[in-house]
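Each of the next two complexes has chain A plus one other chain: chain B in the first, chain C in the second.
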Partner chain A sequence: MSLLEFARGPAIHAALIIMAAGIALRLIGVLVLTRGADLSRPRDAFGNFKGYRTVFSRAWPSGEFTTTTRYQTVVAYLFHIATLLVVLGIVPHIEFITSLTGLSWPALPNFLGVALGTLALASLLALIGRRLAKPAVYNSTLGDYVTWVIVALPLLTGLMAFAHVGPRYETMLALHILSSALLFAYMPFSKLMHAFWFIFSRAQSGLAYAHKGVRI
Partner chain B sequence: MSIANATTTAPAAATAAATPIFPSFEQVYQGLAGQIGMLRQMAPKPTKTDEKRLQGAIDTLIEETNADEAVWLESCIHCGQCTNACHYFQATGEAKYAPMRKMDLYRRVYQLEISPMRWWHRLIMKPVKLQDFADASELIYDSCSECGRCTMVCPMGIDTASLVHHMRSAMVAAELVPPELAALRMEQKQMGTVFGSSPEALKKLVETIREQAGVEIPLDKDQAEVMVLSSAVDLVANGNGLLATAKIMNHLGIDWTLRSDGFESANFGLLSGDMSLWKQQADPIIAAAQKVGAKTLVIAECGHAYPALRWNPMVSGGELPFEMMYMSEFLGKQAKAGKLHLTPFEGKVTFHDPCKTGRRGGAFDEPRAVLAEMDADLVEMPANKEYNWCCGGGAGIFLLEDATRLRDESFKIKMREVNESGAESVVVSCASCRLNFESGRQKNHWDKKVHSLVELVADHLIDDPASLPSSNRQAAGEAQGARP
Partner chain C sequence: MPNEPTLGGLLRSQGVSRRAFLKFCSTTASLMALPAGIAPAMAEALSSARRPSVIWLSFQECTGCTEALTRSSAPSIESLMFNFISLDYHHTLQAASGDAAEHAREQAQHDNAGKYLVLVDGSIPLDEHCSTVAGISNLAMLKEACAHAAAVINIGTCSAYGGIPMAKPNPTRAVAVGDIIKDKPIVNVPGCPPMPLAITGVIAQYLTLGRLPELDHLGRPVAFFGENIHDRCYRRPFYDRGEFAETFDDEGARKGWCLYKLGCKAPIAYNACAHIKWNNGVSFPIQSGHGCIGCSEPRFWDMGGIYDSVAKGNFGDGAKLGAAAMAGAAVGAGAAVLARRKKTRVAEEMHGSE
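Entry: the complex of A and B
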């Protein structure tokens, strides 16, 4: 079995199984915990329901915090959108998803895929740059850096494979798939789980504050 | 205008102003500061073994962690947004005061004991030690007033303040409460008093107010529409707070009472993190209010008393026959209903929302309605209401000697905000905020005046509309006419 066959076969499949099982374990394990009861009388009878607005409203910081959050918010949005489009939009990725699920959709042109991949990597570099430049603000842990590397590797190897830079193409492609497998398997153990938590976390706070008549 | 105002004042009050019955708030602050200094010697020493203290802290966190807490602990991505929202970080620039750091130890306990991935975390993480809790004390008490400003910016919406509150509960079990709060917690737990503010002290103060100010306080009535609370700050230092409350209640012709079996707003259960003491203090107040058949329970200007009673998660508020409201809410409702007529307030003024009644309480409009009733030129600070900066002294921090630098430095943010608003005076509606403002005012030789809302209202009551100068009488008449 070649490295590429290993990557395309057992490695990526095992990684996807670990990811799915891990996400399910972590999400369900938390969400089945009891909910604490707040017995106090809400400020207005239907007020609590308004708390769900926070799930959407928190997608962009309040004007109060514009100066301190602008850089992080803009760059993080660029990173998330570009990454999502590359993951779901380029031909080889769609082919892989089709092989697993049978689903398919039209792909982005190659030049756009490369541009988005480059943008995603550049924004990731911009994020780590700021993290390193302002240690007091970020309070980074080892996990933050490990996560950054694990997220950056598939982007870097994917771009290199596409551009035929570095080792020969088959090796580069295998490295790209293996790094993606690492990312998948790592996800349930890391802060990447925020992809799910944000909905619950925002809703909870929105509800808790709406109970008191405060819009956050 | 000031001369015109003086002529409208009732003779008794005018005499009182000439020879004050109670010390000025400047003196109150200085006196209390001395008393607070003595608390450190009165603090109880740990009684349990280190193993039991550690286990107690961990068990407390396990018990208090529900899905809400677990999700919040899971959600932090260390994006750094909360750091700049915290006044203690802003004031010092020191990384350790970043809000995200304040939940680190809680998260470690969660990951090792509760998380569905605990088998994994136990492989890669070291167990938690008692020393970790001791080291976290500065983050849990000194540098977090549980003001909730970080929640306003967090992209995940994590409610760090409530996580810190659970950590305070764990610190109670670990016997690591800072000495000042530990001493007051012990006093309130064992004797039911704070700073020695007993029912006898209350009776004495009520008598002093009757004899010297000629103001009647209906103590221990069997039945009353409104039950009013006092606070230790009033009883042991600032008699003017209770005097002002009585003047207003009597002026409004309200059927009210103050009960010696439930008068204390201050709750050192909530401040220290002792949930059982929190409940132990709230229960008699609620029982007393039910006994007198009150429809309204008015909580004195004591910020944390609002969450301690009105937002007490352990009390089924919806089933109680009375409504609980903060003093500023009560005054605001009276003003909105057209029952409170006040003489004008001169000069630009701004209102400081205490964290516990503002962002974490929701009482924003009512205090402003009171100021509107005085035709006050109200200007807002750049960050106001939900985004208000904490004064730096909330959640018991005003009492902590170790937090002096953090408190003083973060108060400079507040001074800057007030200065930028262009106001000449600040109105606060919380004894802790007021003490911290007074401390900051004196230390910085700040040229702003600081008023308590309730005392300000008492000073501006229109005793007899007929005795007003014609311009004011007209205004009062119009105001009355405008409200059927």
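Entry: the complex of A and C
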């Protein structure tokens, strides 16, 4: 079995199984634990609505923090948008998703794929640069760095495979699939679960505060 | 033996001009990355070359490899050269049969011990009864024929890597020649079928320079298998622009766009198809509108569907993912319920001890 056969076969299959099971386990495991309703009278008649609004309003830091967090916010947005577009937008990824789900949609032109991949990687580097430069702000743990590496590897190998640079294509493709498999398997058990948690945690704090009449 | 024919004599008798022969030599020389000036010397050496003893063994194969060499409409130098060398033993082509044929093989092995070439097409079943010739199993015949060979040349993917007989579920437990013969130089000329020029190129180099060509990590001559087809494909600009044919008869297909989405395996395939082409340079599969199936790569039959693109996973359907999600959800719910119970119990205990 060649590296590519291993990657396209058992490796990615096992990783997807772990991811599917892991995400379901963590989502259900946490959501079933929700507290009961707060029985006190809400201080704000529109509390619930305002609470859910937080999911979106927290997508941008409030005015007081604009300057201090500008770098982080802008670069993180660049990273997330570029990554999302690459993950969902280029032909090989759509082909892969189609083979699993049957769904398909029009792809981005390849040159945009390369540009977005480069942007995603550059912004990821900019983020780790700041994290390293300001340890007191980020208070990083080992997990933060491990996660960074696990996210950066598929981007780097994918960009090289897609742009046909570096080692032979089948090797790059195999490395890309293997690093993505690592990311998939790691995702549910790491801070990368924020891809799901962000909705619930924002809504939860939004609701709690709104109930108490706190303006958020 | 002064009367033994030379390759030059044979070619002349078939009406091949010296000019055409020189052209063949310079093409071969340049393809094999030999110095440019070698072509005339090569032509000289080749045309006076005596018929080398070659034993061609056909095991679990479809004869497509032999056909590729011999069935060109106008007899090419490749096929003539092949006829020239292959006369000692070849199931399909030799006139003799039965005992006489086997004796010819034994005679050739004996007379040319240490000097003859063994060419093999077809894979070898480890379940020996699955394929026999004159009552001798393929495995036994291969071992015997290779014992005193100078070198082994595998013609086609089946002998080089196992090919279709070895594809899952491999009912005959087929293996490649290299899995059995470990002590002889082996050159793999894979392809389903291999390019005729690649076969004769290896033989021509052996006849003129007395050595085998440089090989890649899969035992293939770098000269023919060193280049990625996708890198040489004339549809590559469409790939780079992201213009893909979606079906075999849509507008993209008519406009000659890239066949990646239709399962083209060329990005992971190494062969000379895109530049030497087939049928005397007329065309090659991608040019005729069909993606490459990667036939020069080991285990290409098992690399997912022929029409599935390289980007797709190769693990069947996603059924296990759904099952995994359900199992995960069940475990998650179970864990949460246990946690809740514990919480209630702890609260009650604290209450009770107050």
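Heads up, the rule we're going with is that the second predicted complex is superposed on the first by the 205 of 216 C-alpha atoms of A that agree within 3 Å, B and C clash if a C-alpha of one lies under 4 Å from a C-alpha of the other, contacts with A are read in each partner's own complex, and residues count from 1 in each chain.
Criterion: contacts are C-beta pairs under 8 Å (C-beta built on N, C-alpha and C of every residue); 3 or more make two chains touch, one makes a residue touch a chain.
Just so it is clear, the structure is predicted and the values come from calculations on it, not from any experiment.
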{"item": "Side-by-side fit of chain B and chain C on chain A, or clash", "value": "fit"}
{"item": "Contacts of A:T118 with chain B and chain C, given as first, second, both or neither", "value": "neither"}
{"item": "Which of chain B and chain C A:A208 touches, first, second, both or neither", "value": "first"}
{"item": "First (chain B), second (chain C), both or neither touched by A:L173", "value": "second"}
{"item": "Touched partner set for A:N110, first chain B, second chain C, both or neither", "value": "second"}
{"item": "Touched partner set for A:E64, first chain B, second chain C, both or neither", "value": "first"}
{"item": "Residues of chain A touched, compared between chain B and chain C (which is higher)", "value": "B"}
{"item": "Chain B versus chain C as contact partner of A:V137, first or second or both or neither", "value": "first"}
{"item": "First, second, both or neither for A:L33, with chain B first and chain C second", "value": "both"}
{"item": "Shortest span in Å between Cα atoms of chain B and of chain C, once chain A is used as the common reference", "value": "5"}
{"item": "Doubly contacted residues of chain A, that is, touched by chain B and again by chain C", "value": "22, 25-26, 28-33"}
{"item": "Touch list for chain A against partner chain C, complex", "value": "1-2, 4-5, 8-10, 12-13, 16-18, 20-33, 91-93, 95-96, 98-101, 107-111, 113, 164, 168-170, 173"}
{"item": "Residue ranges of chain B in contact with chain A within the complex", "value": "64-72, 74-81, 83-85, 89, 93-95, 98, 100-101, 114-117, 120, 151-159, 162, 310-318, 320, 359-362, 383, 386-387"}
{"item": "Residue ranges of chain A in contact with chain B within the complex", "value": "22, 25-26, 28-41, 43, 54, 58, 61-62, 64-65, 68-69, 72-73, 76, 131, 134-141, 144, 188-189, 191, 193-194, 197-198, 200-206, 208-209, 212-216"}
{"item": "Residues on chain C engaged by chain A in the complex (per definition of touch)", "value": "228, 230-231, 239-242, 244, 260-261, 267-268, 298-299, 302-304, 308-315, 318, 320-322, 324-329, 331-333, 335-337, 339-340"}
